[in-house]
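Shared between the two complexes below is chain A, which pairs with chain B and chain C, respectively.
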Partner chain A sequence: MSDVALMMRQRSLVAGKLIGLMLLAALVFVWLGPIILVVITSMKSNDAFLAGPFALPTEPTIAPYLTVWNALGFGPLLANSFLYASAGSALAVILALVPSFALSRFDVPGKKLIFGIILTGLMLPQQTVLIPLYDTLRALNLLDTRIGLIIVHAAYGMPAQILILRGFMTTIPREIEKAAFLEGATDFQVFWKVILPLSVPGIMVGFTLNFIAIWKEFVFGLVLLNSEANFPVTVGMLKLNSDRYMAVFNLPAAGLVISQIPIVILFLLSYRKLSSGNFAGAVKG
Partner chain B sequence: MAHPSLADERTSFIRFAQTHQFVTLFGILLPLAVFAVFVGYPIVFTIYLSFFDWNGMAPEKTFVGLQNYRYLLFSDKYFYTALLNNVKWVGVTLSFPVLLGLIIAYGLRSRIIPMPALIRTVIFFPVTMSLISVGLMFLLILNPLFGAFDTILQSIGLGSLVMEWFGDYRIALYTLAVVSGWAFTGMPMILYFAGLGDVPQETFDAAKIEGAGHFRMLTQVAVPQLRPVTAVVVMLTLFESLRAFDLVAVMTKGAPFGSTNVLGYLVYLESFWNSRFGYGATLSVAILVISILMATFVMKKLMKGAFDV
Partner chain C sequence: MAEVTLERVEKRYGSYTVVPHLDLKIEDGEFAVLVGPSGCGKTTTLQMMAGLETISSGRLLIGGRDVTALPPKERDIAMVFQSYALFPHMNVRDNINFGLKIRRTPAAEMQAMVSEVAQRLQIDSYLDRLPKELSGGQRQRVALARALVRRPGVFLMDEPLSNLDAKLRVEARSFLSKMHHEIGTTTVYVTHDQSEAMTMGSRIVVMKGGVIQQAAPPLEIYRKPANRFVAGFIGSPSMNFLELEVAEGALVDGAAGIRIPLPDSRSAEVARSASPTVVLGVRPEHLHLLADGEGGQYATVFQVEVVQHLGNEMLLDIVAGPHRAIARADEDARVREGERRTFSVDMDRVHFFHPRTEVNLAISG
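Coming up: the complex of A and B.
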């Protein structure tokens, strides 16, 4: 290779590196920038914000957090969201376990129908069933109750959980259960003693995804609850979009950070699993 | 495979149920019952209600025949605005987050963009945020007084582009759709990233030897290989867009002049604010019909084989 060609090659390598770094910077700026700005804003006093809305806080303060925590009652809001997300997801997973076992292990008659139903449940826009759900819960005296919302979340979480868990269970090798069946084990014993313990990683992924989904959920909470005491974070936070809070941004910013902290923790604990595309495999079937 | 008759299906189901009681009860009948109560019955009830006039409280519902449908098709100008808005929303979502997600995933896999783990984390994180939080955040970012976005535009000499992002009826909807795209990009990105990982490296190497640049590599090698992933992504995108609600509720509430109403939000307004549950149900049926058309399209054209069980 001649010197000139080598130089050009090196130059294009350097240029490529540079372009790569610029793209990296741009992506981080667009996706992390807003979040960092919100965190910065949340640690400023009113005066500091008005003096320089984008400046780093010279004297970081937690005052906005305390104010917004008390004003919106974040304690009960977070507790409610936590209850809905954990109980709803747990129930969804429990409901999904045996169906996943059935669909991954047996040639169930009507398999196609069951999958069609699962997909319907997954795709159905919630808005189309708001009125009947409202009406049904009212008839059952479950409107505006925590248990009512948990049940609805569980029912609507179940289809995705079946897809995820079935996908996971199909990857469990069959040798162990074959031996168990030969020994005369029943379906239940195989499910309980073999499949269930081996499915724990899949259950964790499914539970985590469902937890995040319920934490984010807004429509059901908005329509099926009336009392503020029952509101999840997403519904309670709506108040932040009012002149009272939007005059200076430190309060809504602090509220935003508070609402997201539990998910950040969960995300940091599990994002490798979640972002590896494992559940993509589950969706693909 | 020969199509078994209904009677055959029933016999084989009974035989299965007799030998596998536990699986039948908790694996088939229980989820079907849950589905019937929370999905099946609500759909039927919605369709039934769409032929009635009902304020949601009164014990009596008044049968009005097709009147709600006539109003929907011929008198309700909000319906067409909302329908068009959903279409625009789909358009924005299919172009911005999906295309960008694909390009970023390719950039990461081909090592054009360094630090793939960092980028994936940063871009995927907003997927876990509630859209209420995302909406509030962008209310701050796009605020005309203290918003960072306008300030940035001005500081790089693009001040003339500054607009009333939420106040201008011509662009408010696009603002919402782009914000939702910001939050959604991580989804197509990781799906494509995973999909590209399954494409054999030799395919790319062969194209490279033939002198393909990144553009050709992306469009002629990656995209055809990623067809199944694209099917899933398109399906997710269509249904995410049809569900659009949260951002509208927190950012604009349909304003200005109903220009940011989407179908889902209209159902909510008519039913729970205007107490017109019958008409709300009619709008729900419209969404349902669109979903079914979309689902059929996706299944027939895109998903061939993706859900083989």
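Coming up: the complex of A and C.
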């Protein structure tokens, strides 16, 4: 290859890389832009926002956060959301554990059919179950109660938990289970002492995903609750969109940031555990 | 300790029969090795003994007790798996005492039992470590300790050494043999490695297609293989097989230039085949390379195709017409690839197999 050809080839490689980087930058802007905008807006006064919506805050302030927290009662809203997300996810995981174990390890007759029926629960749009759920909760005197919404979230989240946990348990080497049987363990002991502890990463994945889903959930909270005292943060945030705050942008932005913080913390806490290998040393060298 | 008896045991999966009919008695204190190629039914047989596979028909007795329908925990057995199957979330101590805890053994007694077995297997300094913090050899010892600690009547071992590297495997082999001598527990050991079988077993059970081909002590299997399959499976390199015509008191293949006279002591055996041909089975060490110009009564000429140097000896790939064989030779023997050389067949130690039924004619009589 001549020097000129080599130089042209190098140039085209550089140009290719440059285009790639520009595309990446554009993608980063599309993904991070709105988040950055919300964070910036939440740290400005409303006047500063109106003067320059995309400008960086010249005098950063936490006043919007304090206003949202104190005036709109964000504390109880977050506490409610935390209760629904944690209790709903925990209940969904607990309910899913035994069926997942059975579907992953035993030759249950009609196993595929049962699994298929459970999975249809994943495909049901919320709108199709709203009215039956509303009627059921009313009949059980659970309408507008925290426990009612927790049960709904647990039931609605369970199919996804079974999908995740069954998949996870299937990956646990069978010989570990056989070894436990040979050592004299009963089915329950195998589940309790071996399969369950080894499923912790799967449980955490399921719990985290369900926690996020419930945290973001809006429709069930809106329809099945009436009292403000029971509202989760998503429903409570509606107040920020009411007339009083129509021309105010920094308060909804601060509310959005506050409402997302627990999710970010949860992700940071669970990330390492989720990605760690749990079966190291179980089989082979 | 206990003896293990399989009576007319069968294993079927739907219409597919894996083990058609198995009769085997493993004596109390014996180290029996089930050996055979992949798919020969050896692991299925072991798993039936363990209770991890159901027995389709027949009976299994352990220590004289019919355990055919009993779950694993009521069979007085312990098993070491090929993959060790340690509980990854438990430390070595909890792995070892898992079965004892399940059986609600008192804490003090349990501690004493774990200490004893850990000392014996030299893993007492790793008791608080997780399996992932151990080497392959140490994990294998933990798996062994878990099996040993309950003092079962029978040990079942499913290729426990196949995940170790070559050096560790040789060490582990002698370690297991020594342990068996000390403890004397009946052991059923499954392997596809014939050298493991030869070195460890007090009796080798060679299987093929779910059927026992021969069950005998290692040297007997080596010296008196029941059929061509056993002869070819046991020994490395494998026994050579040459199908030759029987004519005028000799084994002949005119086109290949082979004519080996039959000694009188073996002619009756060959006559039993009642067939115009017989399969001559000769191990590589019983094909002796002769010096140039040297001849012999049972000598025949082969072309040397490949010379493999092993350091202490050579393996010669040799051919004569359609017949291929491997011969052992001293490392200092002078031989080159492509040469035609004379080899003497040790006719006292060869085997004759029926060309169709493949049975050893010395035994079939």
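In this text, the second predicted complex is superposed on the first by the 264 of 285 C-alpha atoms of A that agree within 3 Å, B and C clash if a C-alpha of one lies under 4 Å from a C-alpha of the other, contacts with A are read in each partner's own complex, and residues count from 1 in each chain.
The rule we apply is simple: a contact is a pair of C-beta atoms (placed from the backbone, for glycine too) under 8 Å apart; a residue touches a chain by one contact, two chains touch by 3 or more.
The shown structure was predicted, so the numbers you read here are calculated from the model rather than taken from an experiment.
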Partner chain in contact with A:234 - chain B first, chain C second, else both or neither: first
Partner chain(s) touched by A:187 [first = chain B, second = chain C, both, neither]: first
Which of chain B and chain C A:63 touches, first, second, both or neither: neither
First, second, both or neither for A:119, with chain B first and chain C second: first
Which superposed partner A:83 touches (first chain B, second chain C, both, neither): neither
Chain B versus chain C as contact partner of A:39, first or second or both or neither: neither
Comparing the two partners chain B and chain C, which touches a greater set of residues in chain A: B
Touching partner for A:71 - first (chain B), second (chain C), both, neither: neither
Touching both chain C and chain B, counted on chain A across the two superposed complexes: 280-281, 283-285
Contacting residues of chain A [partner chain B, same complex]: 16-17, 19-21, 23-24, 27-28, 30-35, 37-38, 41, 49, 53-54, 95-96, 98-99, 101-103, 106, 108-112, 114-115, 117, 119-121, 123-136, 152, 155-156, 158, 162, 186-188, 191, 212, 215-219, 222-223, 233-234, 237-238, 240-241, 246, 249, 252-253, 255-256, 259-260, 263, 266-267, 271, 274-277, 280-281, 283-285
For the chain A and chain C complex, residues of the former touching the latter: 173, 175-176, 178-185, 189, 193-194, 197-198, 278-285
Chain A partner contacts - residues on chain C that touch it in the complex: 50-52, 71-73, 77-79, 81-89, 98-99, 102-103, 130-136, 139, 146, 150, 163-164
Complex interface listing, chain B residues touching chain A: 9, 12-13, 16, 20, 22-23, 26-28, 30-32, 34-35, 37-39, 41-43, 45-46, 49, 56, 104, 107, 111-115, 118-126, 128-133, 135-141, 143, 146, 148, 151, 182, 185, 190-191, 193-195, 197, 228-229, 232, 235, 239, 242-243, 245-246, 249-251, 263-264, 267-268, 271-272, 277, 280-281, 284-285, 287-288, 291, 295, 306-309
